[in-house]
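Quick heads-up: structures coming right below.
Here come two complexes built around chain A, the first alongside chain B, the second alongside chain C.
Moving on, here comes the complex of A and B:
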């Protein structure tokens, strides 16, 4: 045991000093590793930022991270599949941490007609205060006003829908839907606000009316279509949605966003794969330089490697020495690269304006500001990729060094 | 006891079309504690024979016994261990690790052997004093003269108390005074500790000190004789 430890210290000394013998070559390689590591973390942070933004945007329109429905509602989102407004234990849970906002809302298919045109839409009967707690921003109402209470008699529609219906603020439109007895329910209603959304499809689809107004129109009493709940952190939802499910009881269907929206879930899952692919690609570019550096370093030292073997250093230890040299270089590059990433990415977390290229990205559900998110996970992942692949790449020159015949190596001039 | 026994060693090198007989049916027996000189013109096979004895290079045929070990049959790691623990080497051309100082080079073998740092340092310093380089301990090889480098190599070869020292032209770069000083140090270690020395040389100053002188030519042993009248010793001490 003692022998192994002491030998490790001589290997370390040799590796360290040999590394700085050709400080220019080592320096260049170090810079390459630093830049590579920095790029790995930056790209992951950008991808995470984009994906997080897409997920958050998606959850604002979903809305919420957890929803409670009638079990048949998701197949048939009609007024027949409604549920009672929350009460008792469920209501108590909704008003305490980690829940930060919730809404009991009606969401049914409806037809909206102006004197010019008509469209199929999703009629939302809401309590505006609750919607705001779920992420609806009243500042997005660009003309007129948002609803003022659950019994507001007005209608708030999207900018795009107003264009399509060729209607405008203060005009009346007709809303038509089915009541629970399959009778047509319709009423004229005045457009009191026009909102804009990040996605055009949202502007076309969602129209907001007061919850009590819709309940009266459809003869629903106090029943609703869904309870949408947020805790403001989509990653943490796994920790609490089951308690909501229990409180809601077995007769209702309680689901987290991953199951409500398969697209958002697959975005999240792809993120990790993207990161690994990017890191491995960057590393492959680096590894050519690394292997070359080591091959040169070994080639220049053939005689001393022969000498060390002749003096009784085992071939395996020659290999460790070269691997150690590589490891020191990689670890130095990782430390500096990670610090550089911290120093440059943290200030960017407040957002980078990408409106110049945002028109295309909006299709993918993103806004015009990108928020890179630096995660410990990225730093650990890049470290793992660099160390594991780096040592694998170094095995070739290290193994070659250990195969030298000491006499021939010593005789090399 | 026999320290080294070589029987019918053969080794050929091919260089292009040419076949060179490095060793040609060499048989030698060297007793433990003896002090043997290998001499002969350049290219006569001295280095090749030393390399075979040290397990650095395998012969094409023949047997080599060093102590209890069949050197021609051991694996790479076992050979490395044997060299580490029982043989001290002085090589003809390249001896020191460039990134280590004089003292670290001397400590190198003890370090792989796993000796504690304090003991290593004390022994290395004592050895440096013995070869007259105590004030050069922190110099890198590139900051030492050829002769000084040679003395560091000798210090390294004997510092770890090997049972056998194989020295290839140890006095090649030394002036007369240093050469005689070095060979007297070898003799002293040979007498006091019983270390076996096999020295390849064409330096007549060295040969004069050797009780047994083996001459080689074209890979063959052409003479093997005992000498008396070694300087500084009564004739009876000759082996």
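Moving on, here comes the complex of A and C:
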């Protein structure tokens, strides 16, 4: 036992000293590992920042993290598939933690026309106070005002839609939809506000009117299309949406955002696999340098290794020694690389302005500011990738070194 | 229609303006009478629609049946490739039928603003009934002489909740209830399009507009013209005329 501990410490000393025999080569290799680790973490943080921003933006327009619908509503979002406004146990649940905001709203396809043009839109009949609790920012209404109550008689449309319809604040437009009996329901309504959204497609799609006004237009009574619920943390939704589902009952369809918007969920999944791919690719490039360095180190020391074996060192120990050299190199690189990444990302967490390429990002559903998010998971993942793959790569030179025949090795000039 | 009937019809048409003027007719009634005038209680006629564009023009012949202002049926007879296409209007609902796909389709509200058979008229223009008159504030702007007739100029401003996009509409209607012009103005007071009567003829004892043109002010090279080739008023129409099955399988 004592012998093993002694030999381990001897091995460590040997490895450490060998490493610094050629300090230039080791230094260059170290720099390569540091840069690699730093790049891995930085890229992951940037991608996570992008994806989180997309998900959060998507949930703001979805809206909410959980929605309750008529079971047929998602296939046919017509006014016929409406539900009762929340009451009883469901209402009680909606007004307590972890729910931080909810809205009972009408969402039906409609046509909006001005004198010049007409467009298909999504008519939202909302209670403005609930909508704000769900994430609508009244400061986004750039002209005029937001609705003042569920029975407001005005209409709030997006900036881009106003442009397309060639209409403006205080002008009348006509909204047209269908009532539950498939008859045309239409009325003139005055534009009282124009909002801007992060995405142009939102500005084109959503028009807001008072809930009672829309209910009257469509002959809905007090019924609504959906109940949208938020808890402010999209990762935590798995913990509470089942209780909402139970309270809503089996006649209604209750779904979390992962199932409501498959695109957002696949973005989240893509992000994780993307991070792994980037890390592995960076490391593959790095591993060639690492293997080369170790092969050179072994090649230079053939006579020395032969001598050690001739003096009774076991082949296994030779292998451990080479692997230990590699491990020390990797751990040093990891520590410095992680520290460097921390130092780079932390100051950037307030956001990087990327508005120069905003038009392209818009298509992918992203805004023009990038907020890198550093997660412990990224650092652990990069560490795991570097150590595991690094040791695997070092196995080849280490194995070769341990297989030398001492006589031949000593005879090598 | 018998002789007596047409005599009464002619008498009614010629007498009505005089009566109306005597009774201080309201602008609302003038528009209602004008809309009723060219429809009659029932009517059957042939019409040609000409769609003109800068680089092409096409015309379509069609047969039209109407009963009151809630029932109408239009069936295309020429050209061959469009023949058989039909449109049925019943109480503000609209259906179309195309023999090529052998389907009757109810025109959904989302398509009401789309063009009717490729013309400059929208489905909504076609299906508009006299109900809409109640949704405006009408004022008599002017009363002037046109071709030996008196003509009223009426301005109609839609009510706040009316399903009308226009800022105002200006009608010019002759004292025999022939509509001479209908102008559509936007909410900034800019003229957007006009529906003008180009020819007036007497058909089946009534003076009616026989050539009308819908024209957008911005596009002088694009217009749609409706020519009434012939029409008969107050005819007997079969009871099954305005039905979906008749739209699909013509029996007259």
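Everything below uses one rule, namely that the second predicted complex is superposed on the first by the 405 of 413 C-alpha atoms of A that agree within 3 Å, B and C clash if a C-alpha of one lies under 4 Å from a C-alpha of the other, contacts with A are read in each partner's own complex, and residues count from 1 in each chain.
In this text, contacts are C-beta pairs under 8 Å (C-beta built on N, C-alpha and C of every residue); 3 or more make two chains touch, one makes a residue touch a chain.
Just so it is clear, the model here is predicted, and its values are computed rather than measured.
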| item | value |
| --- | --- |
| First (chain B), second (chain C), both or neither touched by A:177 | second |
| Which of chain B and chain C A:22 touches, first, second, both or neither | neither |
| Touched partner set for A:114, first chain B, second chain C, both or neither | second |
| Which superposed partner A:200 touches (first chain B, second chain C, both, neither) | neither |
| Touching partner for A:369 - first (chain B), second (chain C), both, neither | neither |
| Contacts of A:185 with chain B and chain C, given as first, second, both or neither | second |
| Overlapping contact positions on chain A, where the chain C interface meets the chain B interface | none |
| Chain C residues touching chain A - in the complex, by the definition given at the top | 92-93, 106, 108-110, 112-113, 158-167, 184, 186-187, 192 |
| Interface residues, chain A side, partner chain C - complex | 109-111, 113-116, 118, 120, 171-174, 176-178, 182-190 |
| Of all residues in chain A, those that touch chain B in their complex | 2-4, 6-7, 9-10, 13-14, 17-18, 21, 303-304, 306-317, 405-407, 410-411 |
| Chain B - residues contacting chain A, complex | 51, 54, 56-57, 76-77, 80-85, 87, 89, 91, 93-100, 104, 108-109, 111-117, 156 |
